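Report on one structure; see the data block that follows.
Chain naming follows the written order as A, B, C and D, and within any one chain the residues start at number 1.
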Amino acid sequence: MNPFTPITTGSGFWNPLIWIIAFITALLLVYAIRLFGNKQYKKGSSQTKPFLSGNVAENNEQLHVKGVNVYWGFTEAFKGYYDKMKRIHTGDTRDYVLWFLIVMIGLFFIVLGVL
Amino acid sequence: MNDTSKIIKTISAIMFPFVTIYGLYVIMHGHLTPGGGFQGGAIVASGCALLVVAFGSEAIAKKVKESDLSILESVGALGFISLAFIGIATTFFYNVLAGRSGSLFGKIPPFGSNPGYLNSGGLLPLMNFAVGTKVIAGLFAIVLILAIATRKKGGRT
Amino acid sequence: MSFDVISHSPALLIAIPLFGAFFTPVISRLHAKVRDGFVIVVIALTEILAIFLAQDIYTNGIRKYVFGASLPSLTRPDTISIPVRIIFEVDGMSIFMVLISLTIALVAAIYSTSFFKKEDGLDRYYTLLLLLTVGMLGMELTGDLFNFFVFLEITSISSTALIAFWIDRGESLEAALKYIIISSLGALFVLMAIGFLYGQYDALNIAALANSIQFTFIDKIALVLLLAALAMKAGIAPMHMWLPDAYGEAPPSVTIAIVAATQASLYAVLRICFTLYGSVIGMSTIGWLLIGLGLLTIFVGVTMALIQKSLTRTIAYAAVGEIGYMIIGVGTALAASTETFASVALKGGIFHIFNDVLDIGLLFLVAGAVIYATNERSLENLGGLARRMKYTTIFFLIGLLAVAGMPPMNGFASKILIYESTYQLNPIISIIAILSSILLLAIFVKIFYSLFLGPELPNLKDVKEVPTGMLIAMSILAIVIIIIGLFPGYFMQNLVEPAATALSNPSNYINAILGGA
Amino acid sequence: MIYNIPYIAVMLLILVGLYAVIAKRNIIKIIMGISIIESGVNLFLVALGYREGGLAPIFTNLPEKTQIPGQLVLPVPQALTLTSIVIGVAVLALMLALAVQIYKHYKTLDVRSVRRLKE
């Protein structure tokens, strides 16, 4: 049996080998474009220093954005949704049981009513 | 430490052998009457719980080690699985001893109302004993551990 | 009397780990190393047996095993019209799930040998791990509803005790208590449903029940009870809340075993929808119901993963989201039962079970490695670990790409099947699924950034790479992920398609038991 | 009607148990609620197995002139109930042990306080 058989999805197929070949081609292309880059770039000069609104970067540890804050803007934008979700996830065992019963009663209505 | 009265201790000590014997009876007749390994084991373990209540968990824990109980429990479970493995040549759990008169527990009981023959049932009585061992050890360990864990400092059990 | 191992292997798959479980306390009196080796050998032996059984099933069809009968295939004695003994029935789907469970159990055992060094009570830990394996295998192999309930309870009891393994952490105990309360409640409703079905048809065997099911009012009640309880055990929103607690607080080696146990509950949902109620018309409503619940699960799981502060809880919520993908795949197959893309959706859903267990498992093992090395699980106090733990970083990268469904990892192969088939049913479903997948990638990039990149933190100066046993366990999963990712068609043809065929033809399952001895 | 009384009792037991699980705050009472539900389910199984005029298949104590096997019942529901009781004992012991340990860590059994894991 041919191990390189593609997956047929009904309307197309997926073959990782073709993807890898395409990926490598794209990488080579990117590398070729990179060779045409700016020749004035020098390593070790002030060009490579991090730019922090004109401030001098001193303490590396404090500059690291912690994982909790990475998507601060996103969570702030969906504050209403997240506040609601936090209120639902109470951590109370009885609420877990209550959700289970609610789903069961909902299923009762749908299955006994529709089928 | 332990302030149950002398009456409770004495009566518990007298009752314990009777409870144990009744539990063993239930285990032994498991293949003839309602009951069996779990029920009889639970009766014996309740006798042990009686001792824990009367004498205090500390006194019992000195005599019976919890690790020994867990080994006993493993032995019961291993016995059960080994008995199931005996029939593997035919099928797993196959009752090899049943219906072979002359072998242990091999008597074929007559069909219909009868006084009950202890010598029948094949592997079932042996399996009942294995389960009984496991249940006695397991439930006794549970009672003992819960009694030790819920003990207040300086109070009784 | 010749002894044929293959014909006995359905029973041996249960018996060997069960024997090993109760032999572990005895053998651990010798030495800890002997015990570790013993556990690994027991699981490996079972896995080899399962592979042989799988080959036999793929060539010869369904295997059945009747306990205590005078022949393993004697399902009905002469005088009785219904099967009365406990019967194990193994078809393509069962053996597929068994292979998943055993692979995960093997990885968990290898990982445990070096993950636990300071803790005591490890002989009980291994006993419970083997019992959990037995429970999962039993749920997947059995052809008897009540026996299924027993194995379900074995699984929940042993996983509860394992979740509470770190008994000096209050959170572990809390998670374990929540888990046992909700799962014992669910199991009681399963038992109630079994009672309903037994009262109607005087049978407990799934094949016998499926043959005579009428879909009366009582059958509908039983269907609701079974579906609700098992969907809860599989962690479908809004009944997913026990899952992040349990996944997040258990030791990571236990967590991956519980991930596999959750998939066993999902298998039961499939078995009930496709086999037990498979001959009933009108299951497309159930399909749409599953799609709705699946979309909710994906959405809730992925969005809640974004705001978690603990590493393990984030991965746990991502696991909730991944469950939703399988559910919409399966739901699409039920909703569009006659269309051609239904089989594609079913294959995608089943394939994703395997991929999800591997991906989420690898991520949890990496989380365990981080906890082992730093004794810290909050995302706020971690950073710059790539300098010290380069292998762990590579494994996390592989798991990240796989779980987010990036090509060429295995997660993409199954997700594209789900996307394309759901798109033909309703484009909105696949749009939500794709967007959630992108969000999942964003979440894991965030974890990757905050955990492994960035400057070295002062409190993590003396972090070392984890021991070899854990690296071996992680590399097994990583290698399997890459191999499946590179040759998805091969696995599709040899593992997934037999499983999908077995599910979509319930009459084969019924005839194997009822059609002749 | 008289044969429906066990099923009404089953309903009542399950509802009482669910009430205890949902409305009570003490962990021990929640565990008791689960025990009550379990008794309800066990009663349901036993009630299913009842056949009028049937006899338990215990050969040692059958009355004279019993028709065998016509008058005997197949004791499957009883076996199911026993298995379920055994499992229930294990679950109960596990839950109580967890409650003891939780009391040691949280110094309370109020379920509203035992929720460090949320969101």
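The definition used in the following text is that a residue touches a chain if its C-beta (ideal position, glycine included) is under 8 Å from a C-beta of that chain, and two chains touch if they have at least 3 such contacts.
From a predicted model like this one, the values you see are computed outputs, not experimental measurements.
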Any chain that touches chain C and chain A: D
Centre distance in Å when chain A and chain D are each reduced to the mean of their C-alpha atoms: 47
Whole-Å gap between the CA centroids of chain B and chain D: 22
For chain B paired with chain C, centre-to-centre distance based on mean C-alpha positions, whole Å: 36
Distance from chain D to chain C - Cα centre to Cα centre, in angstrom: 28
Junction residues of chain B - those touching two or more other chains: none
Two or more partner chains touched - positions in chain A: 85, 89, 91, 93, 97
Residues of chain C touching at least two other chains: 177-178, 181, 185, 245, 304, 307
Pairwise touch network: line, ring, star, complete, or other: other
Full enumeration of touching chain pairs: A-C, A-D, B-C, B-D, C-D
In the complex, chain C residues that touch chain B: 1, 3, 8, 11-12, 15, 18-19, 21-23, 25-26, 65-72, 124
Chain D-facing residues of chain B, complex: 32-34, 38, 42, 109, 111-116, 139, 142, 145-146, 149-150
Residue ranges of chain A touching chain D (in the complex, touch as defined): 85-86, 89-94, 97-98, 101
Interfacial residue positions of chain D with respect to chain A in the complex: 18, 21-23, 30, 111-112, 114-119
Parts of chain B lying in touch with chain C, wherever the complex brings them together: 70-71, 74-75, 77-78, 81-82, 84-85, 87-95
